[in-house]
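Going by the order they are written in, the chains are A, B, C and D; count residues from 1 in each one.
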Amino acid sequence: MYQIRTDLALETQEKMQEDKVELKGVRFSEEHVSKNLTISTVVIETENGAKAMEKPKGTYITIEASNMDEEDEDYHREISEQLARVLKQLISVKKEDVSVLIVGLGNRAVTPDALGPRVVDNLYITRHIINEYGKYAFGKEHVNRVSSIVPGVMAQTGMESMEIVNGIVKETKPDVVIAIDALAARNTKRLNRTIQVTDTGINPGSGVGNHRHGLNEKSIGVPVIAIGVPTVVDAATIVNDTMFNLITAMNQSSELKTLGNTLGELNETEKYELIRELLSPNLNTMFVTPKDIDESVKRLSFTISEGLNIALIDHNIFA
Amino acid sequence: MYQIRTDLALETQEKMQEDKVELKGVRFSEEHVSKNLTISTVVIETENGAKAMEKPKGTYITIEASNMDEEDEDYHREISEQLARVLKQLISVKKEDVSVLIVGLGNRAVTPDALGPRVVDNLYITRHIINEYGKYAFGKEHVNRVSSIVPGVMAQTGMESMEIVNGIVKETKPDVVIAIDALAARNTKRLNRTIQVTDTGINPGSGVGNHRHGLNEKSIGVPVIAIGVPTVVDAATIVNDTMFNLITAMNQSSELKTLGNTLGELNETEKYELIRELLSPNLNTMFVTPKDIDESVKRLSFTISEGLNIALIDHNIFA
Amino acid sequence: MYQIRTDLALETQEKMQEDKVELKGVRFSEEHVSKNLTISTVVIETENGAKAMEKPKGTYITIEASNMDEEDEDYHREISEQLARVLKQLISVKKEDVSVLIVGLGNRAVTPDALGPRVVDNLYITRHIINEYGKYAFGKEHVNRVSSIVPGVMAQTGMESMEIVNGIVKETKPDVVIAIDALAARNTKRLNRTIQVTDTGINPGSGVGNHRHGLNEKSIGVPVIAIGVPTVVDAATIVNDTMFNLITAMNQSSELKTLGNTLGELNETEKYELIRELLSPNLNTMFVTPKDIDESVKRLSFTISEGLNIALIDHNIFA
Amino acid sequence: MYQIRTDLALETQEKMQEDKVELKGVRFSEEHVSKNLTISTVVIETENGAKAMEKPKGTYITIEASNMDEEDEDYHREISEQLARVLKQLISVKKEDVSVLIVGLGNRAVTPDALGPRVVDNLYITRHIINEYGKYAFGKEHVNRVSSIVPGVMAQTGMESMEIVNGIVKETKPDVVIAIDALAARNTKRLNRTIQVTDTGINPGSGVGNHRHGLNEKSIGVPVIAIGVPTVVDAATIVNDTMFNLITAMNQSSELKTLGNTLGELNETEKYELIRELLSPNLNTMFVTPKDIDESVKRLSFTISEGLNIALIDHNIFA
C-alpha cells in the first residue's frame, strides 16, 4: 500500500484515526499545558501496535506550540522547560552523576538538516572539566558528565553516523545517549513547531538524511533518547495531500461533483496506481521546506539546547 | 489568470509553445555545443513580447548541461568557458581596463539561496591591487578592475539589497555590474543544471528570496548582467504539475478515461478555481529543493566563479 | 621616536603618565562601578592634546571588567547595560525615532578580527519592518530604525570598507552610525576585557586590520560612534615589553645590576636603535592573540550586541 | 633547562647544531628539489637520540617552500605531488586496496588551528561508495577506502580527540591513519611555508591546541602518519628570540659592546632566570600568528588535501 512518510508517531496515529483503522496496542493521551502548548503521548505497547504504526515499541512524547517558529526574546524558555520535564519522564537511568553523550545528527551544510549540529553548539559541556578537576570544580555535590559529538554525514566521512557513535560509545561508556535529529513530517503545518521525544532512539529510514542504521539501546547497549523536530516534508507527500484535497474539493463543489464522485470511488489500489503515475520520478529526491528555515532552525536549536542544559545541569533531572 | 512561477525565460517560452500561444516579438534559437551541453537564446524584442513573457525586453541566454550537478574533477571547466563566451556576447561595454562590480545576491545561511555569496568567495579580485600598485603589478598591459559585494538579506541588514548596491555603485562607479542569484524554476528537472545569463539585470519578484526592487541599467545607470541558476521550485508549482500529470494520466488510462475527460474539459477559470482550493495556504511559504543541494551549490559556485575569472582575468573578454 | 601601537586612548594616557609626560588638553576620570567593573573617561579637548595622544579630539570611554572574558550564563548583562548607558552619554542626536546604521568592521574569517561581523549577527534589526508596516508593528509609540552592514575586507571585495559604508550612508541617510571593530592593545592583560566607546569614529591605522581611511563625522557627514575591543597585541609590542621588563629586572637583581644600569642609561635614540635591531623583520606582519580567542570573541559579541539592543530597542536611549 | 617549543624535528636538529650539541643516533639529509623547494629528512634512530631531540624515534620529513604561503593558480600542485611522494616513502603498509582514515585535528573556529578540519573538507572520500557499490563503481581494479573524521576540540565535545579517534578506529578498522594538525614552530619565518610528515604520529604536548594524549601506532594499533604545518609560534618563543638577537646585536654594536659581553657571559642558569623574570605570566596563554593567516590556511589546506587525493586516489601509492 502507498505509504506517506512521517517520522512523527503522532501523525501516524492521526492518520490511522482519519482512516478509521482500529489501533490495538497503542495508547494515546493529550495534555493542554497552556493556550499555545500541547503535549501528546503515544505509547506503542505491543508488537502488533508497532507493526501497524510502522514504528518500534516505546513512548513518543510530542510538544506542539503554534508559536515555536516565531521570534521570542527568551528563545521560548517555557518550551525548554517542558522539554526538560519530558526528558525526565523518559530517561529511566537511576544513578548519581550520570554520563550523557549528546549526538547532533545531520548535515551542518544543509539548512533543514543542520538542527542536530547546531543544538550541540550551545550545550554546556562538563565531562572534560570533571575528568580534569573533579565535580567540585562546579561547587555542587552532583554534576552530570556531559559530552557531545557531531558525527557528520557519510558523503563527508565515508562512514555511517552510527559507526562513529558506536565507536565513541564503546570507548567513553556513557550511561545514556541523547540524539538530536531533523525529521520529516507529512503536514507542512507541523514544520518547526513540534518536538518529538522518544525512548526508541533513531531508527533506519528516519531523519531528513534518512539514516541507514539504527542508533538505539539494542544497537549500542545503552538507552538512547531521540529528540526530533520536523523541518521538511517529502515532496511526494505534497502530491498526495493535493490528491486528498482534490477529492474533498470535488465532493464539495457542485460543478465538480460528478468528477469527485468518480475519483472518490477509486479503491486503494487504483488510487495508488494513479499517484504513482502522477509522481514525476525526480520528486523522490526532493524535499519541501519553509522559506525562513534558517531563522527557524537557529531559534529551535537554542530552545532545545537550553532544554538540555536545564535538564542536565541547572535542574539536574537525575538528582 | 493563474501563473506558474519561473525565473527562466526559456521555461516561459516553452510553456507558451505548449499552450500553443503565438508569441510575437520574441526570437528563439538553440545551439547544441556538445552531447551534454545546449545553449538557447531567447530575445524579447518588443514591449508586446515583454508583456506576454512577463519579463523585460532583452536577451536571455541559457546554458543547459545534464551533468552540471554531478561531481567533476575540473568543476566542469567546459561550462565555465561557455559562460565566459556568453558573457562576452552580452556585455557591450567597449573600453580598456573595465571596472566590474560583482554582486552575490541571496542568503548565505539558506543553502539553495547561497549561490551568489558563494560565487563571490572564489573570485579573483583586482581593484584594490590596481588602485594601490597600478595594473603593472599584474605584468600585463590590460587588467580589469574587479570588485565584489555580498549585500546580505533584508532580515539581517534592514535594507533592500538594491539600496546597498545602489550606494556602492554611486560611490565606486563601476562600468558594469554582474549580479549572481539563485532562481526558481517550474520544473524540478532543471534544478542545478541550468545557467541563465541576461542583460536585463535583476527584476522585482525574481530570485529565491524574491527581490522587491530591481537592479538593472534603469535603476543604477550602468549595464547589469544577471547570472542565475534555478535551485528551487515553488511548492505551489509541484501541485500544478500534479494536476497536469493527472489530466494526462487520465486521458491515457482506460479506466480513468471518463474522469480525465471531465477534468480536461474544465476551462482556465475552472482550473484556477480548482487549484486554489487544492493549495493548502501555507504551501505559499514553502519551496522544493533537491536533497543534495549543498554539494550542488558548492560545485556550481566554483563553475560560475571560474567562468567569471576566465572572462575578466585570464582571457579578458574586453581586450 | 619609537611608537608602541595601541588603539586604546586609556593606554596612551597611561603611557604618558608612566613616562611622566605632562598632558595638556586632556582630561581623565575614573568610576568604579562595582568590584570588577571600572569605567574611565579620557577627553581630548585641544589640538595639542590630540597631537600628544596621537588620537583625534573627542571623548573615549573605556569599560574594563576583569571577568569579561570568562563564561557567564547571562553573557555579562551588567556590562551590556553599562554599554547602553555609555552610548546614551556619547550620542548627542536629539530626535524621535532615530535611524541608526550599525557597521560590523573586520574579517569574519580571522578569529580575532571577527568581532564586528559577529556583533551584527545578533542585533535586533527594525528598519525594514518599519518601512513596510510602520512603527505600530511594534506596539510602541517610538521605535528606532536599526539597520546593519558587514562590509567585509578589501582582499575579498576590492573596495575599502569606508567606500562601501560611504555609499550606503548616502543612499539610506541614517542619523548616526555605530561601528564595531576589533582593536590592538599594547598590554596582553587588556585583551578581551575592555570595551572602548568613542565619538571620534574609526580612524586610519586603527583596528586589527588597519583601516586605511577614516569613518567619522567629517568623512561621512553624520556622527560616528565606534565601539572597540582589543583582541590582539602587535608582536612588536611584546618585544618592547620584554625590553622594559629586562631593564626593570636588571635593576632589581644584584648580579645583573651593573648590566641593568648600563642599559637603563641608554637614551631614547639608543633604545630605539637597539629595538630596531632586535626586531626580526617579519614580526611586523605578526600579531599575538590568546589561545581561547574563539570563545572570547563569541561571548563578547553577545555582550555587545545585547548592549546595542538595550540601547536602541529595549530602553531606547533616545526616548 | 629552559626549552623553546617547536613541533618541527628539523628545528630541534638545527638548534642542536647551533648550540654545538653532538647528536648521536640522529641522521640528517637534505635534497634541493628545485630553486624554491627543499626536502630534509631527520631520522631518530636510537632512544638516546629520541631523548636528546625530545621527540619519538622515527622519520621526520620536512617539505620547505619559500613561496608556499603565496597565491598560486594551481594551489602549488608541485608541492602536492612532493607530499604524495613523501607519503609513499613513509607508509609501509603492503596491501591492495588499503583502508585509510584521515583525521583532521584542531579547532575549526580558530583560524590557525583550523588546518586539519579544512584539509578534510576537500578530500576525495570513497569508503561508503565501495561499501555500497563495490570498487567497480570507480572503473578501476584498485581503489583505496578513504574515510575521514573531524573530532573537534575538548571544550566542545568534552572528550579527548584521541578517545574519539580510538573508538572509530576500533569500530571501522582502517589499515593506516593519517592525521593532519597545525603545529607550533620556533621561528616565524617557517610559518605556513613548511610541511612536516612523520611516521611517529601525534604526540602529547604537540599541535596548536596541545594534545594531551598521543595518537600513534602504540596507542591505536595501526600505523599513524602525521602531516603538520606550523601556523603559530608560542609568544614565549618571541621573547627568547629577542634575547638572542639582543646578545648578538650587543656584540656587534660598538657602543653596546660592554653590555653585550656582560650578558653574553651569563651562564645557562642565569639566562633562564633572566628570561623567566622577563616573561609576563599571561604570555603563556598567547600565540603569535601572521596577519594573513586565513588566506594561508585556506590555500595550504587545498595543497595538502590535493596531495592526499593524489597519493590515495589518482596515483595510488599502494598500487
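Note that a contact is a pair of C-beta atoms (placed from the backbone, for glycine too) under 8 Å apart; a residue touches a chain by one contact, two chains touch by 3 or more.
Listed by chain with UniProt protein names: A, B, C, D = Germination protease.
These figures come from a predicted structure and were not determined experimentally.
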| request: Could you tell me which chains make contact with chain A and chain B both? | output: none
| field | Path length in the contact graph (chain B to chain D, fewest steps) | value | 2
| said: Taking the mean of the CA coordinates per chain, how far is chain B from chain C in Å? | reply: 42
| chain C-chain D separation of Cα centroids, rounded to whole Å | 35
| Could you say which residues in chain B touch two or more other chains, in rising order? | 155
| query | Every pair of chains that touch: which are they? | reply | A-B, A-D, B-C, C-D
| note | Given the complex, residues on chain A that touch chain B span 107, 109-111, 155, 188-189, 209, 233, 235, 238-239, 241-243, 245-246, 249, 253, 255-256, 258-259, 262-263, 270, 273-274, 277-280, 282-283, 285-295, 298
| Residues of chain D that touch chain A when the two form their complex | 120-121, 125-128, 145-150, 152, 154-160, 163-164, 166-172
